[in-house]
Each structure stands twice: as structure tokens, then as C-alpha cells.
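Heads up, the thing below is written out as C-alpha cells.
For clarity, chains are labelled A, B, C and D in written order, and residue numbers in each chain start from 1.
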Amino acid sequence: MTLPVAPDVETILDSCIETLRDVVAPSVEGDWPRYNAELMVGSLEYVKHLLREDIDASRREELSRALDQVKEIVAADPAPEWAEALQEESPFEAASRLLVACQNSGGEVAERIRATLHPVLHAQIDAEMARTMGLFSAFARNMVGAK
Amino acid sequence: MTLPVAPDVETILDSCIETLRDVVAPSVEGDWPRYNAELMVGSLEYVKHLLREDIDASRREELSRALDQVKEIVAADPAPEWAEALQEESPFEAASRLLVACQNSGGEVAERIRATLHPVLHAQIDAEMARTMGLFSAFARNMVGAK
Amino acid sequence: MISQEQVRGLEAHLSSALGEPCTLGRTDRMSMGQSRAMYIAELECERSGRRKVVVRVEQWGLLGGESRDEVRVMRALRGEGLPVAEVISYEPSCEILGQPFFVMEFVEGTSVFTRESLDPYVDSLARLHRLELSAIDIDFFEMPKGPRDSALLQVERWYDVYRSGLAGEPSPLVEEAAQWLRNNAPETEQPRLVHGDPGPGNYLHEGGELRALVDWEFTHLGDPEEDWAYLIAMRGMGVMTEDAWVAYLADQVGIELDRDRLAYWIALNLYKGACIDQTALGIFIRREYLAPNLLAIGTCIHLSALKRLADTVL
Amino acid sequence: MISQEQVRGLEAHLSSALGEPCTLGRTDRMSMGQSRAMYIAELECERSGRRKVVVRVEQWGLLGGESRDEVRVMRALRGEGLPVAEVISYEPSCEILGQPFFVMEFVEGTSVFTRESLDPYVDSLARLHRLELSAIDIDFFEMPKGPRDSALLQVERWYDVYRSGLAGEPSPLVEEAAQWLRNNAPETEQPRLVHGDPGPGNYLHEGGELRALVDWEFTHLGDPEEDWAYLIAMRGMGVMTEDAWVAYLADQVGIELDRDRLAYWIALNLYKGACIDQTALGIFIRREYLAPNLLAIGTCIHLSALKRLADTVL
């Protein structure tokens, strides 16, 4: 080599996270720069999550699986709004149209569609909130300290 | 979605690089924390390079190709040190042993081996120096400012 | 953060606005104010001497606000005697700072919440809501026509902001919530001026005295209950429970809030938060501005509003 | 950087070393000193009052140094009247700060290079080189036996550091350079004390007066030309050209440097740099210490020494 073992990206990110949190942020003068230093700890933690998995692809897949279940549910109720919504290529477009239609139509099928899609969407929110917890904490600390 | 389009890692890294350089580093009090903030700009630029290509694999491949040329060169000179070195599985181990043997034996074959391996190794240094230029500049600025 | 060239541009702008040569000293960005970049700038003016001003700069349409109406409403309300900072100048072009901005007089005071500062603050907010629209110089806001338009105009306003700032595909829960809000919009008797972002953290006080109401970028005509809901559920959560807020407002300003209607206006505000926060992600992803607070607003802050919204009404 | 628990441990350690109760005030890390973490600590002592000390902490074997011999040589040379900071205490265990460390008196002065401070500095370095080993209390360094051992012991010392700190496979150009240095080692007439890291930036001065020589971790017995080469090519590059340095040293301290031998010792120092810098990468990759300066030292700083070395002799 020159350097046969290149340092691993996660190690460098951890170095930056630790250094920002323990060395740099406590030494920053001024609210805005300090707020930025604290936010960046969260940005880099988020990067680590984004590198570990293809979040975008997993989300689409989860929602597509739920939409397959919705297809079974609406087989019994051939209202045109369900069929049209399910023709959308993007699972997010399809789910959006379905949920809007549920709000407008009500009824048992609507309830079952909502009960199928909501848990997936809520779990996606929770997972993303967990990945961005560092950003959230830094933001919240700044709001509390607003002056 | 919740968020169908997750931000791209390189964008977040660029956000951190810009923010460190333009907002945080100029506001850090104290030589050591400021030095760390400046170094991190380089760390994150390096991460961007590491994410773009598998540097480790490219280096091994480049050196292996050069070792294939060395095999042709030493076909004419069956000295045991060449053969033994070329049996190493790792191209870095093989190149190391070859270059040490070249220092010890001299001669035209040694010159040709060196002329085959050196350009690859030098180019690898240059490429890695380019990737770590931000770290180098921060380090150099700190040395100049040592007090 | 502000380049040397921008400093010179700002000096020329301020000298012209103030009618005397001024030089700019220290310019520090404040950490409050997510929708606008806010700078406290120290000025040295030839005749009037030293003074501090606040420069409030737009950010690529972040959170869907723009300065023109904000400046107009601030000037009008200051004329009505409300505690509003004086706007010194407004620059609608992007030529000087890369974004439109306006400059206002710096008001001494803190926005850190204290209980004693709350009474005069809610009094002022109630006074804003009582202003007769026909009697004041504000004719640039869209007037709700039908009885449900105070709600519906807001639903569509924020839906447009959310849709136009979208990075990628729509968000099913935002879409569903928008529909719920359309379907459940309550009637409003009499449209009034609504501040749009009231509560602890968004007024300045000193020693219990109210110095200024701030952040007029979301001001519009609508239902005052929208403001009370915002104050209770968005900015006031950490200060009192919803029950305590309702009791306090009845006592302090005589407002009797209907809890079902309040729930609607809380949902509308959470939806508004989710919609405007989403704009930050687009600005970040399109690399228009790479500040890490935009990443926070566009991810977890957006999602925390969306989660509360979904838990509330979906 | 230093935890509250470590502060208390350090207070107890210093109180015991100084023989009086002391409390620790501000403790700031210095940005100089890559091999050791260096802290300036303010002490308040019951009898002797306020004083500043420097705490010099090992870092997982970074750059291959350890403190024991550094402390011993500093104490011995201070005894000989050389300008060396007083060592107050030495803690070889990892119990207090997680790594061995020693404490020395803070010496007022700057290490920013000035031309006027150079004369007394090179005089002191020459004086170090003239010390008769038999006359001083230093018997813990390995004595070069054969005439080429002053060079060869150093080649193998740094080869061992490089090999033991290796993260992964060996580096072909380092291996080749080590062999070149073995094959071309010159003879040394008389082994002397060699500082090991001399030059601009590694001494303290004030108003042209030399206050202290610093950084004794690489001190060993060998060829004084190694030091002059280090001063000229490692630390002195930005100050004068090699030709100017050679002329200056001949004039100031009467050292006549043979340019071929000098080239060898420059190569040895570049090799030493490449070897010790490589240790930083291992410490970083093994996550023993994640400071970004280690990443710099283990990548570009290592490589810049290696590149110069390869360009010089390979």
C-alpha cells in the first residue's frame, strides 16, 4: 500500500460526532454557531443511519406490501375511487389517494383500509424520528433557550 | 410517505462541511477546539471520497495488475526472491518483498521491477493526498500557528 | 455568514433608508427565528449616533412566508398603537443580501417566557382580535367570504405551500389530514386579524412589561380561535396544560373556548406546522441553503407535528 | 476532555507530588503537541499559591513514544544546567487519566519562530551534543555498539514502531525505504545524546531569550547529524533553504555538515516520520481515540513524509 486499510466511514463519522459534542460545541461563542454545532451532531448521526440501510427503498416496500392487503380488502367493494387510487405507480401516491377517499366515503371498507395503512405510516414516522433524535434534541434545546 | 425522499448523504455532509467552515469554526474559542473544527472539515471531505468509490479495492486491483507485469519481467530471471515474493497473496505484501529484494540485489531486472511498481504506488499516494487535502491544510495551519 | 460585499450593500441601503451615512459594526445572527435569518446589527450613524437594528432575511421561501405583507401589517398595526417594532426599510429584491429582507428597530427585551409577562401579552393579542377591520388600513389580506372560509382558506393556503415545496411524492398522512380539515371546517362568525404564530417565545418583554409582539409573517384574516389554539397547543404546551390555558384565557381576557372547535383549530395548526416544515426539506435537498436547522425542520420537526396531528384526528 | 473524576484524581496526584493541598482551576488543551495531549492547568496551592503546570498525557502509544525515558532524560539534563522544564511528577499507570502522564512546571514563552531566538537555541542543541555521556547520569538508553549502529538502531526502532502499529498490511514504499536505510547506514564516530525532534516550533523563548527545549520523547543515543538533519529538513524547511541552514550552522556553532551524510540523515528522519505517523491510523481505526488530528496524521501527514522519502532515496 500506501494505506491498505482505509479508515471506515462510520469511524470517521463517530470521530466527528464525538469531537463536535465534546470538544467543539462547548467552546463555541454565540448562540447561532453553537446551535449549529449541536445540530450537526444530529446531522451526522442521521448520516450513519442513512448509510446503514436504504431507507427510501424499505419505506416503499413496506407500503407496497400494505397496499397489496388493501387490494384484497377492496375486492369486496368495487367503488371506483379505490381502484383508481390503487392504479397509482407510487405507493405514496396510492396511499394518499386511498386515505383521502376514506375520509370522504366513511364506511367499513374505509375503516379497514385505514387500519391497514396507518400502522405502516406511523411506524415509518417513529423510525425516522428515532434516526433524527439528535437533530430534534438540538432543535428543542434551542427553542427552550430562545431569547 | 412520511418522507418519501430521504435527503442524500452527500448533501448532509456538504451541509456539515459548509457550516463547520463558515459558521462554527470562526466562532470557536480556544486553539484546540478551533483546530478540531478545522480538521473536521477535512474529515468530512474525506468521507465524501470514501463513499464515492471503494478505494481499498481499487488500490489492490491496480497493484495486482502491476504485479502481473512484474511476473512477465521476472520470467527471464528465475531468482528465488522474486518467485517467493510473488507467491504472497496480498499484493501489498508481494510488492513489499519485491521492493526490498530490489534494494538488495540491484541489477537490470530490479530496476525494471521498481519502474513497474513505483508509478502505481506514487499515484496512490497522490490520490490519497488529494482526498485528504482538507486535513492536511488544517494540520499545516495549526503547525504554522503553533505557540 | 454575511459577506463583506453584503455588508457594504447593507450599509448603502440603511444610509439611504435613514437619510444619513451609517456604517455597520458587529452583525450577529440570532439563533431564534427559523423562517427568517435574523441578524442584530450595530450601526454607527453620522447624526443619530449608535443604534441597533434587526435585519430579517427571507430564506428561499422557507416555511412559506414572504416579507411584503409582514412589513405592511407591522406598519399598519404600529399605526394602531399596538406594540410592534418600527420597520425602517424593506428590500423586496435579492440584489443586496441574495434574498428579500426588511430592517426594523431593535427592541430591548427578552423572549424567554415568564408568567408575569403573560397577562399583558394575552391582553394585546385579544386587542388585535378586537380591531375593526373597516377602521384600519389593512386591505391586502384575502377576506373569507363563506362562513367556513376562515378555516378553509387556511387549509388550502398551507396545502399549496406543502405541495409546492414537496421534495418527491406526497405524504399520505398530510393528504388525509388536509381532507379531514376540509370536511370538518367550522363556521366563523366574524373574520378578524389573526397573528398566526402567537405564544410564549414570540413576544419581547422586560420586567413584566410587554415591549413588542413579533413574527408577523403568518398574519391573515380568519378566526381568532386559530390564534388561541396556536398559543395553547403549539407554543404554550410547556407552560400550562390545555385545561389550565382555557381557564386562564376565560379569566384574563373573557374568551370562552368551545373545546370541540378548539380541537379543530389545534389540528389546523399542527397541519400548518407539518406543511410549512416540509418546505425546509425541499430547500435542503435542492441545495438552495444547507443550514442544518433546515434538515431538522424538514425531518423530525415536520414529523413530530405530523405525528401529533395524526394522533389527534386520523 | 478531562472529566470531573479525572480532575479530582489529578488534584490528589498533584497535592501529593507538591506536598500541599492544591485545587485545579481552568484546564485547557493546547493545540500543539500531537504525540501527547498537553494541557495547561491552573493550580491554587495552599502554601505556594497560584501556579501553572503542564500535564503531558500519553495517547495509546501514538507516534511510538512513552514517558518514562522522557521524564528521566529531562530530569538528568535539567541537572546538567540545560534549559529544560522541571518535571514535578510522573504517573506511569493509567489509573488517573486513562493513560500515563507527567506534570511539569509551565514555562512562560512562545514557540512561534523568530530569527533572533535561533542563535541561543542552536547553541543549546550543540551543547547537548557535546555532553560527555560518561559524565552525566543517563544510563538507560541503548548504546550503539558497532560504528553503523547509531543509524541502524534508529532504523530498527522505527521499523518496529511502524510494524507494531500497522493497520492491515505493510506499505511497500516504507519497507523498501527501510531496506535502503539499512543498506546505506553511515558510520558514526562517537555516539552522543540526540534530541530527536529539534527545530523551530520546539523550543520556548521570550524576547530572543531561550527559555526551554521541549519534547524529549524521542531522545536517544546516536549521531548528532540526525538532529541537524531533523532541524534542517523537518522543522526548519519554511525558515531557510538547506544550503542556508548548512552555512548558518557552520557559522553559528562550527558544525561542518557533509552533504551526502546529511542526505542519509534526512531520509532517516522522513522515514521515522512516516513510521510514527502510521501509528495514528491504527489508533483511529481500532477506535482507541477518535480525535480528527489522528486521522490527519495517519493519512496525509504520513503520506507527505513517505512521498518526500520516496522522492529522496527510492
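The criterion applied here is as follows: contacts are C-beta pairs under 8 Å (C-beta built on N, C-alpha and C of every residue); 3 or more make two chains touch, one makes a residue touch a chain.
Given the structure is predicted, the values throughout are model-derived calculations rather than measurements.
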item	value
A-C or A-D, whichever has more C-beta pairs in contact	A-C
Centroid-based (C-alpha) most distant chain relative to subunit B	C
Centroid distance [mean C-alpha coordinates] between subunit D and subunit B, Å	26
Distance from subunit D to subunit C - Cα centre to Cα centre, in angstrom	59
Inter-chain centre distance, subunit A versus subunit D - centres from mean C-alpha coordinates, in Å	50
Where subunit A touches two or more other chains at once, by residue number	1-5, 7, 12, 15-16, 19, 23, 30, 32, 34, 36, 40, 43, 46, 90, 92, 121, 125, 128
Numbers and ranges of subunit D residues touching at least 2 other chains	1, 168-173, 291-292, 295, 299, 303, 306
All pairs of touching chains, each written as two labels joined by a dash	A-B, A-C, A-D, B-C, B-D
Touching residues (chain side subunit A, partner subunit B) in the complex	1-7, 9, 12-13, 15-16, 19-20, 23-24, 26-30, 32-34, 36-37, 40, 43-44, 46-47, 50-51, 55-56, 59-60, 63, 90, 92, 121, 124-125, 128
Complex contact set, residues of subunit C against subunit A	1, 28-32, 110-112, 168-173, 175-176, 178-180, 183, 201, 238, 291-293, 295-297, 299-301, 303-304, 306-307, 310, 314
Residue ranges of subunit A in contact with subunit D within the complex	1-5, 7-8, 11-12, 14-16, 18-19, 22-23
Sites on subunit D touched by subunit A in the complex	1, 167-173, 281, 284-285, 287, 290-292, 295, 298-299, 302-303, 306
Contact set on subunit B toward subunit D in their complex	30-32, 34-36, 39-40, 42-43, 46, 90, 92-93, 95-100, 102-104, 114, 117-118, 121-122, 125-126, 128-129, 132-133, 135-136, 138-139, 142-147
